[in-house]
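See the structures that follow.
Look for subunit A in each of the two complexes below; its partner is subunit B in the first and subunit C in the second.
Take a look at the complex of A and B:
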């Protein structure tokens, strides 16, 4: 317990240092935060017009799609900001920062996680919460529904953390040469999750349910929040698996990263 | 403090097929060569020693240092630092060592220097009282008091290197690894750092392993030097000893009043010849200096002369090129 508290204490201090570092360049920060918030408008507006034009997607109303979008985008933007150190892991590997982390008497995963909080992503989190808030208001979700939305966001946060850490782990094998592969996984994943999984063809639906378990991130919790689990043909316990599946994926990612680190220690860069 | 026996490190280096078709073959039929970066190194370093670690680029110095610091796992051989196996007991091991890379900073680039020390105190879990004493001591010795509130990115290289040393010592390590700490520094900055390192070693008994290309660092600081080449220790001893055994050769520069003589005695080599000047090299065991001077003076009046030992750089360069001669 003491070591967990001490790790948390260090995490907060290091994140604080990264935020103070970014505040040295206020103008740059302001411009990039503004640019990032435009991304949300660019992402969501086309979706809005698309869904409105068709009057919904296979029984999913505009507000329900907005709920899915808000859930995914909230967790994804949070993780992108908080785990920037993993997102940028390839270059760090090349620069030799990993050696420095190994030379300090703390866990490497902790140090990478605490290395940098990209605060401009908070702009995106705020916009995602805005879309989510509107969706919740239109759908008049009750307390039980809100709890499921929160569960979905929490699970999504774990899931995207896993994706980012897994992406960083691949860099150990490719020595920082495949940052693009990492982006494909993360941005591709968050884009696919904007739509309800039910609209996809069977084969793709199977992949995102049983293979890369994207459906557990927001689709099942959203079904539960909307009281539609049974109507969609799923047993009632399925949404409850959501946080467990996401946590499982995160633990697997952590194991892959640890394996990569062992490889690095035996081969060097 | 450090025990190394028959330490080896091999890397697998991909060997690429050539040409456009080769790029495709690289994907499906990867080939690789095994490169032995460190090839059976053995040495022992006692607590409190100050050891210089030198060798040409690619000799295996930094691979060895990475194994000693716990960053790299050895392929074979035994390695213990303060009784610990660095890789297996990484956290305990690195808590007791300090590491400075001359080319890379460990300070927080955009923040005032003092903040890096505060953060490192928490990284290493140093007790507040111990930290304050150590910080004040280092600030005083390295004369960095006026720099503490400056962002690291605004420091000159010499200032930064002094701050860097303090950062590596915040947790009071009893063993420090320094990789080219004086590279690119001016004479004054080099001297400050050398004086500091000598004092840390002498007064606190800190064991120091210094990697450098600058032999004046070694001459000034290291009673013992390990010379690494092709992944092996080719020399382990005092720099002075090398000079005594290999640097017997003397160099004589003579300026004449008038034209320099055309010939020289047997066993004397002409390094440089000008109208009124000769630079000669000779082995004092075969040709006595006074005989040579008398011989020259008999041929042309001498205006000035300088007799020098072989510069140490030259001796070491010869070892890098040809290895250590057999007579050793």
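Take a look at the complex of A and C:
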């Protein structure tokens, strides 16, 4: 417990330093935060245009799609900001800068995570929460529904953290060339999860349910929140699996990262 | 420098950019996987949206799938997916290294465009072709065989130059603010939204469509992609090409001016 607290303390201190450094170029920071907040509008407006042009999506209303979008975007934007330190993990490996982290008496994942927090992503989190809030208000979710939404967001946060760490882990073997691969499950995953998994054709649905368990991130919790689990043809216990599956993926990613770290052989410089 | 000499210099820049991309084969395959996943998501969504409906907003399901096969194949060719080269240029401005570039008898923006063509050539050969064939094979798509498609290479070439000039302009803001992350990220969103990357512009409501048609961004994505997937004909085709040519002219003029002003404004720290 004490070590967790001291890890947390270290994380907060280092994040504080990274935030201060980001505030040095104020004008650019402002424009960049503005650009990032536009992303949500840029994501959501085309979606609205589509649902409007087609008059709905297989029985899902715009508010329900907004719920899915708000949940997945909140989780992903949070992790994108909090684990931004992994963004340049490939170059760090190539330059041998991982040595430094190995020398210090703390976990490498913690140190990479703590060396940079991209604060402008908080603007995106706020926008995602706004979309989510409006969706919740329109759908009049009760306390039980809200608890499921929170569960989905928490599970999604674990899942996306796992993908980022797994993405970094693969780079021990490919030296940075697979840096983009995680985008498939982060940006691509959140794009796919903006829509109910049920609309996809059977083979694709199976891939995103059993292959890469994307459906557990927001689809099952959202079904539970909307009291639609049975109507969608799933047993009532399936949404309860969501946090367990997401945690499982995170533990697997941590193990893969540890495996990669064992393989790391600096640059000799 | 003579005309022939400068053409040769720009060709060399293009060649170097090509080789730089070619050095990372595995990265390209990774990119193909990512592009293909996005293609799948879009294709699956539109097939679900169309359901049993025949035509919506003048589009059929198979045409929408082909649009996304084309767009995911061309996004890297057009150079609208990443701000990496823009950020690198901005960093040269911040560090002062750009002074060395300015001494050379080449225009920075033209060099930027030349390098974009070099990358584009690599991505045509090693990414677009593979992605397109895989997508067409998976969905059993019919190839667009209308004669208008013959103009697609021209439109793609114009699109590459437009995207490169836009990126150059956004990163040249570093001459004044030392960093260009902000303008580059705003630009990327604008290209995404007004370029119709997630949803073809034909599905946009009239006011949004009008704004998209007036702004330059559709020329960097929508015009070449829609044309190459066989959806641009007649007046729409004529407008698309003239829009590209007109805006490219404007952007180039602005880029020239910005470069002169930026160079005059540049203060390199000694040492």
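Methods note: the second predicted complex is superposed on the first by the 262 of 269 C-alpha atoms of A that agree within 3 Å, B and C clash if a C-alpha of one lies under 4 Å from a C-alpha of the other, contacts with A are read in each partner's own complex, and residues count from 1 in each chain.
Note that a residue touches a chain if its C-beta (ideal position, glycine included) is under 8 Å from a C-beta of that chain, and two chains touch if they have at least 3 such contacts.
All of these numbers come straight from a predicted model, not from anything done at the bench.
A.B. asks: Mind checking subunit B and subunit C on superposed subunit A, clash or fit?
C.D. replies: Here the two partners, once superposed via subunit A, fit next to each other without clashing.
A.B. asks: Tell me the contact category for A:258 with respect to subunit B and subunit C: first, second, both or neither.
C.D. replies: A:258: touches no partner chain.
A.B. asks: Looking at the overlay, does A:204 come into contact with subunit B only (first), subunit C only (second), both, or neither?
C.D. replies: In the superposed model, A:204 contacts subunit C only, not subunit B.
A.B. asks: Just checking: does A:6 make contact with subunit B only, subunit C only, both, or neither of them? Give me first, second, both or neither.
C.D. replies: So A:6 only meets subunit B here.
A.B. asks: After the superposition on A, what does A:42 contact: first (subunit B), second (subunit C), both or neither?
C.D. replies: Second partner only, subunit C.
A.B. asks: Going by the contact rule set out at the top, does A:104 touch subunit B (first), subunit C (second), both, or neither?
C.D. replies: In the superposed model, A:104 contacts subunit B only, not subunit C.
A.B. asks: In the overlay, answer first, second, both or neither for which of subunit B and subunit C A:29 touches.
C.D. replies: It touches subunit C, and subunit B stays clear.
A.B. asks: Counting residues of subunit A touched by each partner, does subunit B or subunit C come out ahead?
C.D. replies: When the residues of subunit A touched by each partner are counted, C comes out ahead.
A.B. asks: Which of the two partners, first being subunit B and second being subunit C, lies in contact with A:232: first, second, both, or neither?
C.D. replies: Neither subunit B nor subunit C is touched by A:232.
A.B. asks: Determine, under the contact definition given at the top, whether A:20 touches first (subunit B), second (subunit C), both, or neither.
C.D. replies: Touch partner of A:20: subunit B, not subunit C.
A.B. asks: At the CA centre of subunit A, how far apart in angle are the CA centres of subunit B and subunit C, to the nearest 10 degrees?
C.D. replies: Roughly 80 degrees separate the directions to subunit B and subunit C.
A.B. asks: Once both complexes sit on top of each other, what is the least C-alpha distance from subunit B to subunit C, rounded to whole angstrom?
C.D. replies: 8 Å.
A.B. asks: On subunit A, which stretch or stretches are contacted by subunit B in one complex as well as by subunit C in the other?
C.D. replies: Subunit A residues touching both partners: 25.
A.B. asks: For subunit A, which residues are in contact with subunit C within the complex?
C.D. replies: For subunit A paired with subunit C, touching residues are 25, 27-32, 34-36, 38-39, 41-43, 45-47, 49-50, 52-54, 57-58, 174, 177-181, 183-184, 188, 191-192, 195, 199-201, 204.
A.B. asks: For subunit B, which residues count as touching subunit A in their complex?
C.D. replies: 11-12, 63, 66, 69-73, 87, 90-92, 94-95, 97, 99, 101, 104, 106, 108-111, 115, 119, 122-125, 151
A.B. asks: Using the touch definition up top, name the residues of subunit C that touch subunit A in the complex.
C.D. replies: Of all residues in subunit C, those touching subunit A are 24, 26-27, 30-31, 33-34, 37-38, 40-41, 44-45, 47-51, 53, 56-57, 177-186, 188-189, 192-193, 198-199, 203-205, 208.
A.B. asks: Under the stated contact criterion, what part of subunit A meets subunit B in this complex?
C.D. replies: 6, 9-10, 13-14, 17, 20-21, 24-25, 95-96, 99-100, 102-106, 265-268
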